[in-house]
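Note that subunit A is present in both complexes that follow, paired respectively with subunit B and with subunit C.
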Partner chain A sequence: MKRILGIDCSPKVEKVVSGLFGGNDDVQYEQFHDGIALNGYQMIILEMGRNQEHVVQQICKLRYACNFQNIPIILINARKKDIPSQPYIIAGATEVLSLSDPLPACRHIMNGYLIPGREPLEEEFEYLDPFIKNTCHILQTMASIHVEFKKVYFSNTIRIFGDVSGIMGLSGNAEGTLVVTFYWDLAKAIVAKMMGMEEGEIDAELIHDGVSEIINMISGSTKKEFVGTPYHFEISLPSVVVGPGHQIGYLQNTSVAVLIFQVGTQSFALHVCIKPKTTLS
Partner chain B sequence: MKAIVADDSRLIRGIIEKTAASIGFEAVQAGNGREALSLLEASGGEINLVLLDWNMPLVSGIDVIRKMRGDDRFKKIPVLMISTESEEDRIQEAIRAGAQGYLTKPFTADQLTDAIHQVLEKH
Partner chain C sequence: MSRSMDLRSYILLVNRDKKFLNVVCKSLLGAGYPVLTATAMSSALNLLSNNSVALIICDSELEDSSGYEFLEFIKHTPLLKKIPFVFFVPVHDQGNAGKAFGMGAADFIVYTPDSGAPNVLMKRIAETLPAKTGRAGISALPGEGFHQSIAPPPEAASSPPPAECRKSERLVPKQTVNIELSRDSILWLPGRIKNISRQGLLIETSLLGRLGMALYIRFSLPCGTCVVESHIRHISINNHKLSAEIGVETEQSIDWIETYDYVVNLKEEGKKSAVKKPSAEVDRPIQKKIHADMIIRMADNRKAPADPLLNHSSEPRSEKALEIKFYRSLVGKKLGNYKAVSFIGAGGMGGVFKGWDVVLERNVALKVISYNLSSIASYRDMFVKEARLVSRFTHPNIAQIYYIDQVEDVLYFAMELINGGTLADIIKDRNNLNTAKGLEHFITICRTLDFVSRQNIVHRDIKPANIMIDDQGILKVVDFGVAIVNDGTGRKKKAEGLVGSPLFASPDSIMGQPLDCRSDIYSLGATFYNVFAGVPPFEGDYVEAILFKHLHEELVPLKKRNPILSSDLSDIIGKMMAKKPEDRYQDYQSIIDDLNVLIH
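Moving on, here comes the complex of A and B:
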């Protein structure tokens, strides 16, 4: 049974949603509020209000509350008027559906989003484990921060809903991209700890620099462990992308492992997209 | 005593400078290898230690070492390379180029202090 949360849904939308899922799933409803907890839900359904800016803000807050988990956010337009979906998709909505859309099509789309992300195979953990171990070790060593690995899923989506990402391109035997993504507050706290400074003393440039250095260290310390394997890669200079909901292009036909880590009550994610060489030269 | 701290990360330069200062070094910072070489040129022989990242824009750390070792004015200045490059062949490459010590990132302040002391002792 899937757990679905309907937010700000009118009786009309609740009725349609019940019809879509037919009682096979656990659908709960509540009003939108700051600090809403989304843990354990497989889908969020939000009825669109009239004020576009307000809805965009709601979606952003929900996306942050997902804590890097790939929970689909479905926006329902219960009004008759057709609206452009782009501002909502950019804000973090997965899909915008209208009550005027044919019900079977809506059911098909929503069921597609309810298919859970693939979990790693045992052999995939062989290349993911060094990244997990080194990510925890780096933040423990450089910032005395205890990091706990929480979960991993595979995704083909290219959207990253964080505030700041450090990116490292991989080349050589294996090719791909490593991306570490933080929300701003956690990035600032980590950089402050690394520098032994108060958070108020940390400026944006230092945060960019710190995130860049973290992905540099994760890549550099992990590549040593792949010497002599098809996963061995070379690194270049890292770069940093800033802004909520930014997009990173990954290798085509290569799925991305999203590793979620926890620091206290906050999370960050490491995206590992790596294509090993099929035969060792 | 004076040290050059060369790393393209301001954060890492700050961390290294703090530790170097705690053991009596006044640090000057360079954001890439070219700046490090310029600082050496301008130093008038007052530099006692160079702390170098490997992967930096414009001129890499390994190229800085090679240039230093090929210049009579700088060839005896001790160099500690501090890098994310952690494979043994890379470490040996840096040592062959003329680094007296090699410290891989991540590091603690104590590990950096020990590495600096070891480099100075070898010198």
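Moving on, here comes the complex of A and C:
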């Protein structure tokens, strides 16, 4: 049995959703409120209100509440009008469906998202393991912070929802992208420890330097381990972006692994998209 | 860090009363402090984002808000909150000092109208402003100039420092100009020009840089893409949930001069076409270079890269768009004993994923059947039956079917994964195939389909996209029995609708007649017509038009399209594509015989 949470659903949408899932799944309904608890749900269904900005805000808050867990957020447009879904997707919605879409399509799409995720392949572990190990090690040595690897899921694109992210483009023998993404508070706490400062003293500039440094160290140290393997990549200069909701170009036909790490009760994510060149040269 | 402190060199004076501003400003300037003035919180924020400010002196009431609101904002903005904030208020407002300190004000100075406001201030400034960023800071900054983005009070304006005039040339482009920023010219981030001067740009972007950092800026001009080097001169971030603003100083290169002229001369035209054009041009190089250049997309209306999975902008929602959403939901999932690793592409009948067989531990291709088809019981039965047959034979030129399964309503099969492209890719890329090679492929496929037809199996969807060539150069026919048998009614659908591609459909399949290998022979003829001519045999804007031509229009002989071909080859394909099945070759062996004559 799957647990599904419907948020802000009108009777009309409730009826459709309950119809889609039948009696097999447990669908609960709630009004949106700050601090909404999403734990234990496999899917969130949010009915889209009229005000785009407000909806985007809601999605952002729900993404925060997910705390980097891979919970699909399906936005339902119950109005007749077709709207562009891009702003909502970038904010963190997984998919936008409309009540005017054929029901079988909606059912299949939602069911697709409810299918359990896959475990990494052995060949994927081969390159994910060093990233996991080095991420933990680096934060331990640079910031004396104990980091635990929690889990990994695979995504169809690189979408980041943290407040601040460090991005490293990988080139050379293997190419791809590496993104570490934090919520502001955790970033501040980590950077403060790295720099030996009080959290109150940490400003955007220090965050920039700290997050650059973290992604630099993770990619740099992992790069060394890949020398002589098909995953050997070169790194360049890290970029730091602010604001939640970015979609980053990724390599086609390549999976995007999202590694979730835990620091106390907080989490952060490392996105790894790396594609070995087929011919070793 | 100290470098940025040195740059915070202005005193920002905010007060509703212009006369008061003038008086205080004058005495501060006289004492050697560089000053910026504003009457409202909004203009003050503007100044803060364009200049280094070492101290804010503010009244309790502003034109558009209160000083407390302003203070609160400053204290919640990471890059600004370190700037000391001093209230400078008339005596009757004294009651709120407690509140101000509670909110983080550095000082609360009260003056009486007669006490000579500037003097009170001057005394206290010396205490508040650390020496390093006070007068010393000014003399340390000769190269930076004396920036001021609003008109200074009249008194101060009478002797403007020389560098000041360049600020007056700051222009806001008349159209939205999207640009891309990069540190390493690998990863490009989007940005938007807020204003431009000969010296540089103010850019809105989510890239959080650092003072002094070198940045490449990519513009797309009508004459092509142009990259300019620059350095970050200031950064402001109001709120970490929003994007940042950065000011950059550009290298004075020819490219920059050209770019500047272009942006400055943009006209405010009929909004849509003018605004759209440059951004579409920005997109094009990105799409092509998606493998080399990683881009970030923010909440702007950039087009999605070529990857259909990313293509959320494929609205208005067509059935195809919904199908794609369905395939997207399956990436990273486990279907039975298979893991869907990444998405490869979608056709009319389903979507293809790179997959992994968990039990046998090998790579596979997973084809998920479109839910529109899989929910038709008769289709499912037919498909399963055919796939069962196809899975029994092994042939070097047929992509083997390993397994068929249905998981939670998802009907899919696992087949041999082919690393390579399709014949359709090769056609797009004309130079890759010469006639001899084309003939060799032609014969190989005939042999393969000959083998298949002897088992009484009709492919039904022979077309360039279903003939693959692996990285060893071996041809593989894919998608046996996936196509739905035409019942004569589904034809009204779009090109990517329920039927195989209309470009290669045989008249008999269009008419909904029972099909045998002669239908495949027609489609194969059409396929190689396309290979050798570079264009499909019949084209049209509507599916109906194409189908009509298959039924009724005479074929332009292949030789007419490509005169270097032999008329024999042209005749062979012409015969394969006869309208009536009985006028075509009746089996593959006779085609092979005729083709063999050509190559010997």
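Throughout what follows, the second predicted complex is superposed on the first by the 251 of 281 C-alpha atoms of A that agree within 3 Å, B and C clash if a C-alpha of one lies under 4 Å from a C-alpha of the other, contacts with A are read in each partner's own complex, and residues count from 1 in each chain.
The working rule: a contact is a pair of C-beta atoms (placed from the backbone, for glycine too) under 8 Å apart; a residue touches a chain by one contact, two chains touch by 3 or more.
The structure displayed is predicted, hence computed values, not measured ones.
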Combined model on subunit A where subunit B meets subunit C, clash or fit: fit
Which superposed partner A:I138 touches (first subunit B, second subunit C, both, neither): first
Partner chain in contact with A:E126 - subunit B first, subunit C second, else both or neither: neither
Which superposed partner A:D185 touches (first subunit B, second subunit C, both, neither): neither
Contacts of A:E148 with subunit B and subunit C, given as first, second, both or neither: neither
Partner chain in contact with A:V227 - subunit B first, subunit C second, else both or neither: first
Subunit B versus subunit C as contact partner of A:D209, first or second or both or neither: both
Partner chain(s) touched by A:L237 [first = subunit B, second = subunit C, both, neither]: both
Comparison of subunit B and subunit C by subunit A residues contacted: C
Contacts of A:P84 with subunit B and subunit C, given as first, second, both or neither: second
First (subunit B), second (subunit C), both or neither touched by A:E199: neither
Superposition-derived minimum Cα distance between subunit C and subunit B (Å): 6
Shared subunit A contacts, counted only where both subunit B and subunit C touch the same residue: 205-206, 209, 236-237
Of all residues in subunit C, those that touch subunit A in their complex: 1, 4, 78-79, 81-82, 182-184, 186-187, 189, 206-211, 235, 237, 240-244, 286, 290-291, 293-299, 301, 305-307, 309-310, 312-313, 315-317, 319, 322-323, 325-326, 328-335, 339-344, 354, 356, 361, 371-372, 375, 407-410, 419, 471
Subunit A residues within the subunit B interface of the complex: 137-138, 141-142, 191, 194-196, 205-206, 209-210, 212-213, 216-217, 219-221, 223-224, 227, 235-237
In the complex with subunit C, residue positions of subunit A that touch it: 56, 60, 72, 82, 84-87, 89-91, 95-98, 101-102, 104-105, 107-119, 121-122, 153-157, 163-164, 167-169, 171, 175, 177, 184, 202-209, 236-255, 278
Residues of subunit B touching subunit A in the complex: 8-12, 14-15, 18, 55, 57, 83-87, 104-108
